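Naming follows writing order (A, B, C and D), and every chain is counted from residue 1.
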Amino acid sequence: MTVSSSDAPEFGMTTHRIEALTDGIFAIAMTLLVLNLSLPEMETELTQTVELHNLLIGQMHKFYIYALSFVLLAIFWITHHQQFHFIKRTDHKHLWINIFTLMFIVLIPFSTSLAGDYPKEWMAKFFFDLNLFILGMLFIWNWVYATKGHRLVDRSLDPQRIALGKKRGAVAPLVALLAMVVSLINPQFSSFVYLLIPILLSFPHFRHK
Amino acid sequence: MTVSSSDAPEFGMTTHRIEALTDGIFAIAMTLLVLNLSLPEMETELTQTVELHNLLIGQMHKFYIYALSFVLLAIFWITHHQQFHFIKRTDHKHLWINIFTLMFIVLIPFSTSLAGDYPKEWMAKFFFDLNLFILGMLFIWNWVYATKGHRLVDRSLDPQRIALGKKRGAVAPLVALLAMVVSLINPQFSSFVYLLIPILLSFPHFRHK
Amino acid sequence: MTVSSSDAPEFGMTTHRIEALTDGIFAIAMTLLVLNLSLPEMETELTQTVELHNLLIGQMHKFYIYALSFVLLAIFWITHHQQFHFIKRTDHKHLWINIFTLMFIVLIPFSTSLAGDYPKEWMAKFFFDLNLFILGMLFIWNWVYATKGHRLVDRSLDPQRIALGKKRGAVAPLVALLAMVVSLINPQFSSFVYLLIPILLSFPHFRHK
Amino acid sequence: MTVSSSDAPEFGMTTHRIEALTDGIFAIAMTLLVLNLSLPEMETELTQTVELHNLLIGQMHKFYIYALSFVLLAIFWITHHQQFHFIKRTDHKHLWINIFTLMFIVLIPFSTSLAGDYPKEWMAKFFFDLNLFILGMLFIWNWVYATKGHRLVDRSLDPQRIALGKKRGAVAPLVALLAMVVSLINPQFSSFVYLLIPILLSFPHFRHK
């Protein structure tokens, strides 16, 4: 957190700034997800009870999709901070990897709304999966770029930790890839594939000893 | 606020980060509440004065619900900071308790909109109450988990203060439970039950001496 | 900005936290203002050019109201930081003055939308004026409460500066009061009364020597 | 990041505060862009697949405009931080230049929505171009004002770096001016003119050696 001016002597951009913008964008994207849950307004009072019941039940899949996207964004947010805990500097290319990452984070509420409104459409589900796949690839690229030859991390950073970061980072895009295949075969089930992400990440193989 | 790298030597996540995301999400959730107040656009100018008057009067309950949710979110925000004033470290489980807490904070604007649009429906009010109940339970779980055996707090933290935090934290979920019962009997009155929260919390019994 | 734990030994709440939440809420409220400018979607391409022209012209008053609210929020934001530059501590009552202030900041996008949609309705304009009046009163209350007997400010704070803060703080609510009167007589002109705020505040009488 | 009270001894406003508000507003504006991508809800299930396909294809131009606005906002955000890396103080006029800058950042989601909804209308494209032109001019004004006689920057700041900042800052408004001309002639192509901004800025002539 201590931002010395030597962090950005020529470039004028610190990792602290990227983190602040990213935290803000994560907070807003996570909150906007819930706007998809908006109910249509009822017209007559008589039918309200029945309709409200049906509406809330009819929204079950939306609630699941909302909770899923929220948890996936939280996992990416944790990954972001674990990466930036070790990334000490930034450069021009690294900055733009991060900006493209933000672009696909911001797209998540739209993809979620698409997948929630059209649960049986392969195209909607595929769009959602593709968004997550690209996001996952950008996160792993961020880590590979920053750690290659200890480019933006401390020289003392343990190679095992670098490898663990790559292994953990590969989980999300691989699961998204699997979900893309399932979306083409049976779109209604593809959202459940993502439950693999928290399950796999909690395996001892993917955790720091 | 000083974030030394020793705060998160293995885990890469500091309480500072959770606080930043939480502040952002509280700020957005509190601001989104007001989007529920949006008025339908009038079509003819002639009827505007009459209709605007009726609309604003018709929104009285919505204004109350908006102000209520805002104050409840503010109380949870204060609780969050009082807890994190003493919580010095985080771990994997603690992080996820906090992420689920955020998920139910983000749901508050939706629950508020539901309760504001269907003031006479027990289901709408019950949904709102349930949201607050779960939120309250997550806050008390956060405190119990962090303070058990001084797990994430300073060893020097006074046991009386830990007990006070539990006592204060129990107020919101207990009042929400009572509101759930009232919602089943008379949904129109359940929102007023929440006035008990600020009243109870200002009792000397619930305040630090 | 340095937040020592002695800032909040018993109360667990620092001015730093209030400032962070307030900055977030100001940023969101200022951005939500622009959502009022949304255009209805055209149906036929033929009529688009004519309609778009009419729509943009028809939005002139909305653009003025948007810019006005943005500038007024900016003035309140500056006032907030000028006050908190000197306020070093907080207490329970002070915290709640600030939470009610936030509630009326969050209401500004709704009031602005009301005043923009119904430019000729005294009720809409009066609602907008009332929102600003209450906001102005809360800001002056915040300053009076914090400086009374140097309650929450440094003992060394110059009494002249305290008096200047009150004088500057009185401008907004007094102008809002005048606008309320104009709204009752001629609602279309009441928005222009607010131009007095930046004019008056730039007078040497209201500026620090 | 260390904010000493000497930064704002009389004025009560630090550059740190402007940066925090600006980061927040950038984060929200960048996230709101995606709200323009919202799809109309389908009514019959039968026609969903066909319609969804058409809708997503029909949104291609919107996706381009969204990505373009996101990248342009990111470029302005980078410029902002490069400027504030060197700007150490603020004054009354500088503060207001920044507030007007924020006003035109907040307008970008509206301009983008206008340009995305009416891709063939010169007026919509011209509005978008004008927004970017004014924004670019405000950024260059900010830099010229701050560096004139080293007004708000360190005395030691290299004149070559000041000149480079002006040169880089001139790119966006000049390209926006060109886009305005293209919008009058052929509105459908004007959005592509902006690709010149990242291309030009990556030229060695515009980069620090």
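Definition applied: contacts are C-beta pairs under 8 Å (C-beta built on N, C-alpha and C of every residue); 3 or more make two chains touch, one makes a residue touch a chain.
The structure presented is a predicted model; accordingly, all values stated were derived computationally and were not measured.
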Farthest chain relative to subunit D (centres taken as mean CA coordinates): B
Type of subunit A:subunit B copy interface by residue overlap (half), same or different: different
Euclidean distance of C-alpha centroids - subunit B vs subunit D, Å: 35
Separation of subunit A from subunit D, taking each centre as the mean of its C-alpha atoms, in whole Å: 25
Multi-partner residues of subunit C (each touching 2 or more other chains): 20, 24, 27-28
Subunit C residues touching subunit D - in the complex, by the definition given at the top: 1, 20, 23-24, 26-28, 30-31, 33-35, 37-39, 41-42, 45, 48-49, 52-53, 56, 67, 70-71, 74, 77-78, 81-82, 85-86, 208
Sites on subunit A touched by subunit D in the complex: 1-3, 5, 8, 10-13, 16-17, 20-21, 24-25, 27-29, 32, 95, 99, 102-103, 106-107, 109-110, 113-114, 117-118, 120-121, 123-124, 127
